[in-house]
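Letters A, B, C and D name the chains as they come in the text, with residue numbers starting at 1 for each one.
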Amino acid sequence: MLRFLTAGESHGWGIAAVLDGMPAGIEVSQEELSVELSRRRRGYGRGERANIENDHVLIASGVNDGKTTGAPICIVIPNKDYENWKGKYVPIYAPRPGHADFAGMVKYGFNDCRPVAERASARETAARVACGYFAKKLLEKENIKVMSWVVSIGGIWAQLPPLEERMSKEEIPKKLFYLAECSEVRCPDLEATGRMKKLIDEAREKGDTLGGIFEVAVIGVPVGLGSYVQWDRRLDGRLAAAVMSIQGVKGVEFGVGFEFSEMMGSQAHDPLKLPKRPSNRAGGIEGGVSNGEIIFMRAAMKPIPTLKSPLPSVDVRTKKECQAYIERSDVCAVGSAAVVAESMVALVVADALLEMRGGDRW
Amino acid sequence: MLRFLTAGESHGWGIAAVLDGMPAGIEVSQEELSVELSRRRRGYGRGERANIENDHVLIASGVNDGKTTGAPICIVIPNKDYENWKGKYVPIYAPRPGHADFAGMVKYGFNDCRPVAERASARETAARVACGYFAKKLLEKENIKVMSWVVSIGGIWAQLPPLEERMSKEEIPKKLFYLAECSEVRCPDLEATGRMKKLIDEAREKGDTLGGIFEVAVIGVPVGLGSYVQWDRRLDGRLAAAVMSIQGVKGVEFGVGFEFSEMMGSQAHDPLKLPKRPSNRAGGIEGGVSNGEIIFMRAAMKPIPTLKSPLPSVDVRTKKECQAYIERSDVCAVGSAAVVAESMVALVVADALLEMRGGDRW
Amino acid sequence: MLRFLTAGESHGWGIAAVLDGMPAGIEVSQEELSVELSRRRRGYGRGERANIENDHVLIASGVNDGKTTGAPICIVIPNKDYENWKGKYVPIYAPRPGHADFAGMVKYGFNDCRPVAERASARETAARVACGYFAKKLLEKENIKVMSWVVSIGGIWAQLPPLEERMSKEEIPKKLFYLAECSEVRCPDLEATGRMKKLIDEAREKGDTLGGIFEVAVIGVPVGLGSYVQWDRRLDGRLAAAVMSIQGVKGVEFGVGFEFSEMMGSQAHDPLKLPKRPSNRAGGIEGGVSNGEIIFMRAAMKPIPTLKSPLPSVDVRTKKECQAYIERSDVCAVGSAAVVAESMVALVVADALLEMRGGDRW
Amino acid sequence: MLRFLTAGESHGWGIAAVLDGMPAGIEVSQEELSVELSRRRRGYGRGERANIENDHVLIASGVNDGKTTGAPICIVIPNKDYENWKGKYVPIYAPRPGHADFAGMVKYGFNDCRPVAERASARETAARVACGYFAKKLLEKENIKVMSWVVSIGGIWAQLPPLEERMSKEEIPKKLFYLAECSEVRCPDLEATGRMKKLIDEAREKGDTLGGIFEVAVIGVPVGLGSYVQWDRRLDGRLAAAVMSIQGVKGVEFGVGFEFSEMMGSQAHDPLKLPKRPSNRAGGIEGGVSNGEIIFMRAAMKPIPTLKSPLPSVDVRTKKECQAYIERSDVCAVGSAAVVAESMVALVVADALLEMRGGDRW
């Protein structure tokens, strides 16, 4: 069983994670991990913070001579900026709509929202990406690859090969992934990239923010991951939880997803043919089990909830109306969320693979 | 911790579940449970099977004198039709596209798909609804109510009050729920109900099937369910897993969901105002925590994968092309899936409530 | 992952369990399962109830054509006596010392202890033995066998081969197991069996009860079950929890156990030699991992807490002193507990094996 | 739910843990935590390593202004000695009997035992004690206190108040705990302490090691922790797993434990009397539920398996007989194990308390 716990606050000592259940014998490197983390960090629309984040990551345990040992992997990402923040406490009395600020303060009984903001921050996803790196390396040994790209930002849609092709021909996701890696907003359509950047600039000027949609594809997946036998073992449910748990994600779908609702059965399902099924509208999962096709998900992210032109809020001390607290933040982070989703998907797929194959060594 | 395991095959002895973690002191009744199960079963578009299912449900343990005792609740739904099936084994050599048939057979090493079809069948959801009944009764004591209705079937959309109102004014979901209960397809728009029924008739004649979209609303939710502190404790992730795990569901969203992706932050988030927030676009969850507003989800269901006019398949013995196996099935079950979703949502919300309040007695 | 939930009350409709995670392809039979259940039931010192229990057991799901299918296995053991009890409610106002009666009543907020007594009863272990049967069948395919025998009852000790031999030579546990199966008190020393029976008779006459000690041995265990990498994955901890959770068990030890505390390191550990280690004082587990030797546990059971000559208690209504409630019960059930321990050990070992080898089919 | 994962190797970068599920509002301090860690480290018989360990502990997250925030707590204990070890790799080809060396190497497919030794080392328990500190602080708010002392080392037994008194009168454990804190071997009998130290000196001279027995008592426990309703919720099983998972522990018992096996029921159980039960032979748990009395456990630890006068082993390269690898180690660590047991017990009791009372804030 692959399980992990993350820890750390946005402006605290750092971010950490313990990942338990990795088999022994997977080759990994701190350098690759750093590169992986930088994939999450970068992106047009990310705030200045993203640059400060560009710090050392430490694999503090679980690896010997470049290979995993089966022992828990501890990842530590110290906060370069910590010394500047240490001892300073800036309370948040005006909860930011869209954040956990208000609900978290009530839940845990705080007088202000600062402790909520610190932990609910998407900064935490750095630890998820670090854990995901190990899962990806495990999958790599089986030629399973997880890829993501951005489809739309703030209503600007990329021109991409038709969905049917994105889902069924491995070379398409590979190409989209490659192009996305080259785009400042993780969008494989480089013309749309330009328009998205412009929209981000406009939003920044207005003190506003943007969301968008990204896709995740997993290629090389064996038949049989997950199971239909018990509700919580279904691969789609597990993947949905993993991706929905990413800060800002509000919708998740597999294959043609919501469009299924308008189709007739005769048009919706993927005929079985040899040597290959002609379509993959199901997105690689039937009955909660991987069917050997590309696993294909799409997720929607809401706009960043911290706005420079703040939304109406209520001061929790006075109960008077006020403007929401402003904190250094991103304008758009859809590309980053896509990278986090890759990581979460890799962790779920690797976990399902270990269940099927056994988890000691690789 | 509320946890449950279901068991049983579609044509086997029956369906059962053990639900562990219910507090003591919740009033329940076998009659109400029967009614709840009938809510899942009925619906225009359900097959003849649905009528056969209309059998006795037994609360075999965990209840004394009409109240839960804290002990595990065992629910047994014997299969009325079992004597007719006993000893008969009808192999499935032509996997049905859209079902777990093929993937399950490969995973578990069967020679035919019958054992897969038996367990992957949505008949299993009867056990989930039974478990959900107990969760609903717990929530009822806190004036929390879970409701669902169908929004569209096969591309026919109900005319409903605007989404913003459905999500933010408790009387609207209550009314929609009431109307849905009166509709043969669980659709609160009774005019659309008529057109949906007609479409179902047409599909049945063609040997085809239909999917659709449903919504689930939870009213009376306290602030603070779920948590932002660890990815797997986020309420939205847990709810997404629960609903995505329902047979046929391929997409899930909260609040305005995928539409968030086209909005600016200034339009997307829900201002904090007293005495009440003017909108609930977030669908009652911010940062993975319930914020006291209506929890609002939408889910898409694909068309039933068993078609009377079967899809192309491959005979697993001969590897020759053939038509997929045909089995008695439904034409449309979106309304039933909505009821199952109510149950799953109730179980997740009740679990989160027990975490917050403690789980011994109520 | 092998997991199970049991349900049912002592005088209720019956006892049931759902076992999830069994691989497909394990041959099982209802007849063998009945025999296994009878092993728990029988024994000199068991009450009349044990005979009433002698009823039908049903494998309600998860098995097809004599083989497991990977689907959850539901086991139902209806209560033959149910019709006699139905509707009758005999409250327990005088908690029985040694039972959960008092603590359970306070915890769950009951007015009397009946609901506690019903569920806390060791009758529940029938469901555990049923689950354990499936685990044993899985282990059987790998030539792993779990065996138990009684070492002492009420201070009468069996004359057995030295502990060192019981732990290290497979033929000894095999022989002891065979002899135990022939003894009315599960004791391989047939002379001691006679004395134990006599002591049981004496205790019965006095209205008193007895406890004792049993041993569990697992032979054929591969190297590598469990893990040292995380505290909750250690095989000894998992086995200790499983056996300590059996009603009445108050102590558990591995290998020479408590005697280790008086030994020097040079005498305590088991030298590594080829072709075989000369001793197995560790009881087959080093550092939380199986080392290929016999897994050897010992457990102590307290006397049955329901006494015909009752202990002092307090009436929960009046707070006045009184005698504890009397209910039909056993005088001694050490042999039965040993069989339950076999089952629990088999479930833990099978779970660890699935982790190591993968869990789909066998 | 209180859950934690530890990470780190004996000679690696450091030891770390993430503890998830602590409520908000518990006052904690880094200084107290350091003191708690030093309680584990010290002790006559501990090796030179124990002094090197005397380093800084960092609470890296989850605490704000001296109070827990509900967020995961990350504890980091850097290895002072790391710079001396970095890059050096000393393989272990001669597995040490009694350690996980051999079994771990086979399990994870290593060529030598070093990676096993690094993680299986009891150095890891520093992280458990750190987690336990937080649990203890939570319990402190409810006036629940966990205490431990050493009863015997290498066959030398302390003269202590009778077991019956140790278990039933709160002032006795309090006094024993106080005395144990003053003893270099954690033994409340200061005369025995002297003899134990002498035995440790003798063992050290001979290159040998020692084990022993310790007791753990929890006072102030409310009625109702744990539950009889499902096997894995029983408090005794959970406590047994927690303590048995400590490196070197081979036996665990509650109350009079193994002695129960020789008693008659009439002598074994604890009569219910008002205002107080006259005895606590059950050790505070009946039917898997805390009954309000002192929770009382006893555990046996085997001698340290690394001997300066090494045991016979086999070179894993040549399959030739040899002497086991020698590494700097302790002669006796029973007192340290007792402190670790306190921590594990505190974590289990706190977890059960959160289940009962709800887990958001305190």
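Odds and ends about this structure:
We take it that contacts are C-beta pairs under 8 Å (C-beta built on N, C-alpha and C of every residue); 3 or more make two chains touch, one makes a residue touch a chain.
Keep in mind that what you see is a predicted model, and the values were worked out from it rather than measured.
Chain centre most remote from that of chain A: C (centre = mean of CA atoms).
Mean C-alpha position of chain A lies 46 Å from that of chain C.
The distance from the centre of chain B to the centre of chain C, each centre being the mean of the chain's C-alpha atoms, comes to 38 Å. Distance between chain centres (mean CA atoms), chain A to chain B: 26 Å. Residue positions of chain D with contacts to 2 or more other chains are 5-6, 20, 70-72, 107, 119, 224, 227, 229-230, 356, 360.
Shown here, the protein chains touch in all possible pairs. Listed in rising order, the residues of chain A touching chain D in the complex are 3-9, 12-14, 16-18, 20, 23-25, 58, 60-62, 64-65, 69-74, 76, 89, 107-110, 114-115, 118-119, 360-361. By the touch criterion stated above, chain B contacts chain D in their complex at residues 1, 20, 70-72, 224, 227, 229-230, 354-360. Note for the complex: chain A touches chain B at residues 5-6, 95-104, 106-107, 116, 119-120, 128, 152-155, 203, 206, 208-213, 223-224, 227-232, 234, 236-242, 244-247, 249-266, 268-274, 277, 282-283, 286-292, 300-305, 307, 309, 311-314, 319, 321, 324, 344, 356.
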